[in-house]
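One structure is given below, represented as structure tokens, and several questions about it will come after.
So that you can tell them apart, the chains are marked A, B, C and D in the order they are listed, and the count of residues begins at 1 in each.
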Amino acid sequence: MDYVYGPGRNHLFVPGPVNIPESVLRAMNRNNEDYRSPAVPAMTKTLLEDVKKIFKTTTGTPFLIPTTGTGAWESALTNTLSPGDRVISFLIGQFSLLWIDQQQRLGFNVDVIESEWGQGANLDIMASKLAADTQHSIKAICIVHNETATGVTNNLAKVRRILDDYRHPALLLVDGVSSICALDFRMDEWGVDVALTGSQKALSLPTGIGMVCASPKALEASKTAKSYRVFFDWKDYLKFYKMGTYWPYTPSIQLLYGLREALDLIFEEGLDNVIARHTRLATATRLAVEAWGLKNCTQKEEWFSDTVTAVLVPSYIDSSEIVRRAWKRYNLSLGLGLNKVAGKVFRIGHLGNLNELQLLGCLSGVEMVLKDVGYPVKLGSGVGAAAAYLQNSTPLIQSRI
Amino acid sequence: MDYVYGPGRNHLFVPGPVNIPESVLRAMNRNNEDYRSPAVPAMTKTLLEDVKKIFKTTTGTPFLIPTTGTGAWESALTNTLSPGDRVISFLIGQFSLLWIDQQQRLGFNVDVIESEWGQGANLDIMASKLAADTQHSIKAICIVHNETATGVTNNLAKVRRILDDYRHPALLLVDGVSSICALDFRMDEWGVDVALTGSQKALSLPTGIGMVCASPKALEASKTAKSYRVFFDWKDYLKFYKMGTYWPYTPSIQLLYGLREALDLIFEEGLDNVIARHTRLATATRLAVEAWGLKNCTQKEEWFSDTVTAVLVPSYIDSSEIVRRAWKRYNLSLGLGLNKVAGKVFRIGHLGNLNELQLLGCLSGVEMVLKDVGYPVKLGSGVGAAAAYLQNSTPLIQSRI
Amino acid sequence: MDYVYGPGRNHLFVPGPVNIPESVLRAMNRNNEDYRSPAVPAMTKTLLEDVKKIFKTTTGTPFLIPTTGTGAWESALTNTLSPGDRVISFLIGQFSLLWIDQQQRLGFNVDVIESEWGQGANLDIMASKLAADTQHSIKAICIVHNETATGVTNNLAKVRRILDDYRHPALLLVDGVSSICALDFRMDEWGVDVALTGSQKALSLPTGIGMVCASPKALEASKTAKSYRVFFDWKDYLKFYKMGTYWPYTPSIQLLYGLREALDLIFEEGLDNVIARHTRLATATRLAVEAWGLKNCTQKEEWFSDTVTAVLVPSYIDSSEIVRRAWKRYNLSLGLGLNKVAGKVFRIGHLGNLNELQLLGCLSGVEMVLKDVGYPVKLGSGVGAAAAYLQNSTPLIQSRI
Amino acid sequence: MDYVYGPGRNHLFVPGPVNIPESVLRAMNRNNEDYRSPAVPAMTKTLLEDVKKIFKTTTGTPFLIPTTGTGAWESALTNTLSPGDRVISFLIGQFSLLWIDQQQRLGFNVDVIESEWGQGANLDIMASKLAADTQHSIKAICIVHNETATGVTNNLAKVRRILDDYRHPALLLVDGVSSICALDFRMDEWGVDVALTGSQKALSLPTGIGMVCASPKALEASKTAKSYRVFFDWKDYLKFYKMGTYWPYTPSIQLLYGLREALDLIFEEGLDNVIARHTRLATATRLAVEAWGLKNCTQKEEWFSDTVTAVLVPSYIDSSEIVRRAWKRYNLSLGLGLNKVAGKVFRIGHLGNLNELQLLGCLSGVEMVLKDVGYPVKLGSGVGAAAAYLQNSTPLIQSRI
């Protein structure tokens, strides 16, 4: 029995960790194995090749580090930078804040560009800083592709364009934790130097793999970066890649098999179809929010996130109460508002291996909770608005045609 | 990967087999064991005791036969009757029809009382037959508690009352396949002589255990019943019960552990709460059907089933197309109309380990499919009507208060 | 935690149910599905085709009945015979005894040919009975391919030869429960009319599928056989085969996926390699028994079973104590002696998905238990003898060369 | 199917990752959950309390970091030390070598005390260094409790005694990766300041939790330690401990439930019984090695390891060939010789959830492989010697008495 049993399935709509497909659970349901036998390296080889596809890179080098997104951040930074290095970083929500905190604690000189929470990264200020930096003292731009706390997606193509406009050599380090495998992410096309995500996000696995992908320029930078690092050091991985044994230390056998299946599912559906599905479900969610008469925390459409929607509640409601009640009454897990937006927003995560009816079940649950806490929602209004869109836009399931 | 992969979870709303709780899947995820070791009998003993609770019997003797509902039917009949015996049986839908077919093929003299599909058993005719049967040639009344094909629940208390009124000694054999553990079923109070169900129904297990519970009177009858039987013979079970080894042949180890967990979940929630949850979800479903402007196949409220709702579609729609499309486009599994109501009804199974948001997701899916096939439904109308009811009636989850 | 927890793995060496491969457990670790969707019939179709291969038949028709071996027996008998029919049956151990008991209780006129337990079927007596039966009153020969209680394998090719010699039209019904998929079994070549096995034996699945395969002659016989039957009736299966939906009632979804994987494993290894592995492990076991100075219950080499070895213990030892102690001290599950040989033999099952080191672990356990109960065994003697053979005869694992 | 399928179970005898009990696999077979709901913190609280028991500490503070042993090392070092700090470290095998490499790369001034591989830490040299260090320039002693590469166990009680003798305030940092939960480890009694292990070792889980336990003195040191750290920083954990939410970033839900079950199994068996079992199996292994006429890589009995035995092979044999062949022919996974002892030793891991017959199966496999590669072993000799010991010393399984 579960720790706090309730009948039926848990409706998991936090923006991570997300729902794991049954076939991935199956793939992971296995005993440990000797990772030095020929079998594990042979499988790892296929994983490293295939992981590149989800980053949309052919020139990048992936690392599957037994860690979380926080560790992946640390790996991106310490392999490419030296203490004291100046980096530009955007503060637009709780997760960019935490990354900035890490950058500072690791000894970098962080030039923070702050936006109101609910807005995207201020690229104009970045542009002016780059323009002024004729000495190239800025060593890296650190940016989240998608801020999970506010549901804001930044325009990475534009970041690259600005860097190119100023012919600035700064590395482009991207947190793709709540984007890669869900939003359209193009490592090579956008000249991203380090991109990273975590297994428990759009890949729909358990927590435990921090996926980091480094461009040739990032690998080059790692040769001279002076930050202390061992566990997160790419050098050890590269050494074992060369030997064909791949692992400097013990990986999770279960997660490797899980990743194999997760990638197979993504390729079976088609990465672009996966991304389109995220857009579809996010659009439906936003239509529901609108129908409820509530506001998206994200202030402009250009920043709307297709993986998480942060919903602003009227001031007379405590959004934490919505989250609590959803869990206590409807077995529905929603995301809390964090830090500056605590009590003000709740979040619907709509990323990973998810389909239309799961989302509609969630949305009907949100409606009931809204009513529970005193918000005068018309039951069925949001679900109806979402369904109207989905009924028009959902394709037949490929394998069943 | 699955045979016909679609992203996200399958929404399983056929009236069986039904959704298996994760903790039951976990309990069954195990190697075989020697069923002659002391461990299996020790666990079996607890199962047999606890199974009686879901039949609401203290005097009954349960048999956990490695078979399906069809086999459970056969066990009920062959252990209590002899070829040529006269039995009364009610034809009210596809499953009662199949049971009657079995009764005839097993050599009984079946006195069929037919109702229009969508109506309950005609107890008046039964009463008059009993009245006429002063010789007690009628050896058994065979009745489904819930006809899965039409969503009709029969009034077993009334059956018992009539039998008592006429002081008729006929055995009362009840198919509780789509009722026990979901509807209020009272074996002892209603004087049911044999009750049966299958593991894949409200118990929310895989198919594989035909559960049969026999009253002392039924056990007595089995001593003289002349129907040939071996696999289904209660005698062999009783012999092994006495020896304390319990199994005349190899049971499924996995299902025994699964049953242990399934029963634990039911007792944790409380059997009466489980039944109330079924009533709640069924009421919500019927409100949705009404909101869509569609008719319940069940003609009177007294027969409304709390485990399955058969929905009549307008004559210009083929209900099979609804089922096909639900599966092909929304990964939603609905029940087909069978035999006389093929093409005319589709069925929503709302039994087993299920909660409010799962049902609402299903209902929103049904709305979209209805629109897909040309029925002018207002999207959100059914879900809204159901939610209005559920938001008022759903209790907090006990373990989370 | 398990009911009676002990550290490490259980060493399962009863002759069924047997060890399930991890990948089969994985395949079965899944929710229920609508068995009327297109997915399940599509998979079933492949199963029925592939199951024929393990029976070595191209003309047979397989039935995957949700039952045990006992039910499979009943299906074989009731579909081909009518009450009162004369059948020849061989009593050579507990399982043939149980089958005979079933045959008698189902109303057949059983002509029993008894052998001492430890001997094979007396085919000379059969021959003389056939010779005398010029009227062809004998409708069927019922024989176990392998008697699980004594570890005796009968010579089916010879049975066929004798039938042919006398041009006798009796059906040949074979219990292949502890043989098919492990011993060399040739349905078509040996003119077997009905062959059957259970999923929990050499197929290495959980209990729950009784596999019955019928020759064209058996199918023909089923059209006129008068035994009452519904659940076990082939006719219902054939009807659904024709419709392409395959299932007259709900199958276990989990077992179907498990069977798919089990068959895939067998074909990956190669059925003949699987059989050779059984011969290898059985030979090793017999060498160990010899080294211990103990006798095989099977009296002649021609009857030696490659799936189970029944070991005779000296009269001053109670073999039940060996089984009890193996389980209590070494987490080793051995088979009890049954009925006539209770207390006199213990059994080592060496069938199913098993390899050399598993067997050697078991044999070393048996040695320790023998010492525990006072038999003067030289520890290491049996294992050494077995290993000497295995070290010479075990091939490299195909996939790892 | 597995990547490189072989029939039967894999015999996993590398010294990590080790065999996972079935009930732990079951516990982990689950979907993700919101780690910010009340359920996960409630369970985490019990884990943190119970983890202290396996470190035998009441005053320590445990951290369950989503990382491997290598990350746990890094956490131990960077939280307690500052770059440039002098530490004493013992080079006695591949894993102590890797830890020293890490210490150096993290900027510490490592005073290496080297021993021949196969010997334990030279504590006399440590004593003299401490004696000379009146200024207390030595900030920490770093020592592996058990060197996994050579099967050498160091005497930690003696290390503490020497530190106490010199009243030296250096921190005592202990790698307990292949010891904790298997060898007798006493954090409080031995004044260990940081102890660590990985989930995939004696706890018998998948890789993914680096368990670090800090004494009050170590926590105090962490307040002033200047090593850069974020992911591995105890401060963030302590902050969330105080808030009662426990996790600074996303843990693996599956591993938490797995750890809960793994601890339950250990407490069910009794930690001291678990340790006694390791001693028993290790003794049996050493007796087998002796019977084969081979030498233990560990030069003195005082250093014998109860979790891994490194076996020296004659110079005319390449030990890698033994490992390769064991896997290719017998589905047996043994540990390679590493670095200085590559080709010279192979290793048998006998730690984690393992029992007597599993080990004996392994030992018989080793015998066959030895013969395969040309070593003149008497088959059965090692198994017999091990069994003779085990048959005398193995207790009855508690739950089955």
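The definition used in the following text is that a contact is a pair of C-beta atoms (placed from the backbone, for glycine too) under 8 Å apart; a residue touches a chain by one contact, two chains touch by 3 or more.
Because the structure is predicted, anything quoted here is derived from the model rather than measured.
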Joint neighbours of chain B and chain A, given as chain labels: C, D
Pair joined by more contacting C-beta pairs (B-D or C-D): C-D
Chain centre separation in whole Å, for chain C relative to chain B (CA means): 34
Approximate Å spacing (C-alpha centroids) for the pair chain B, chain D: 53
Mean-CA-position distance for chain D and chain C (Å): 44
Residue list for chain D, restricted to those that touch at least two other chains: 2, 4, 19, 22, 25, 29-31, 38, 327, 400
Chain contact topology (line, ring, star, complete or other): complete
Residues of chain C that touch chain B when the two form their complex: 2-4, 10, 12, 14, 16-20, 25, 28-39, 42-43, 66-71, 73-74, 83, 101-102, 105-107, 198, 200, 206-208, 227-233, 248-255, 327, 333, 335-336
Touching residues (chain side chain A, partner chain C) in the complex: 22, 25-27, 29-31, 38, 400
Residues of chain C touching chain D in the complex: 1-9, 11, 19, 21-23, 29, 261, 264-265, 268-269, 274, 277, 327-332, 353-358, 360-362, 364-365, 367-368, 371-372, 378-385, 387-388, 390-391, 394-401
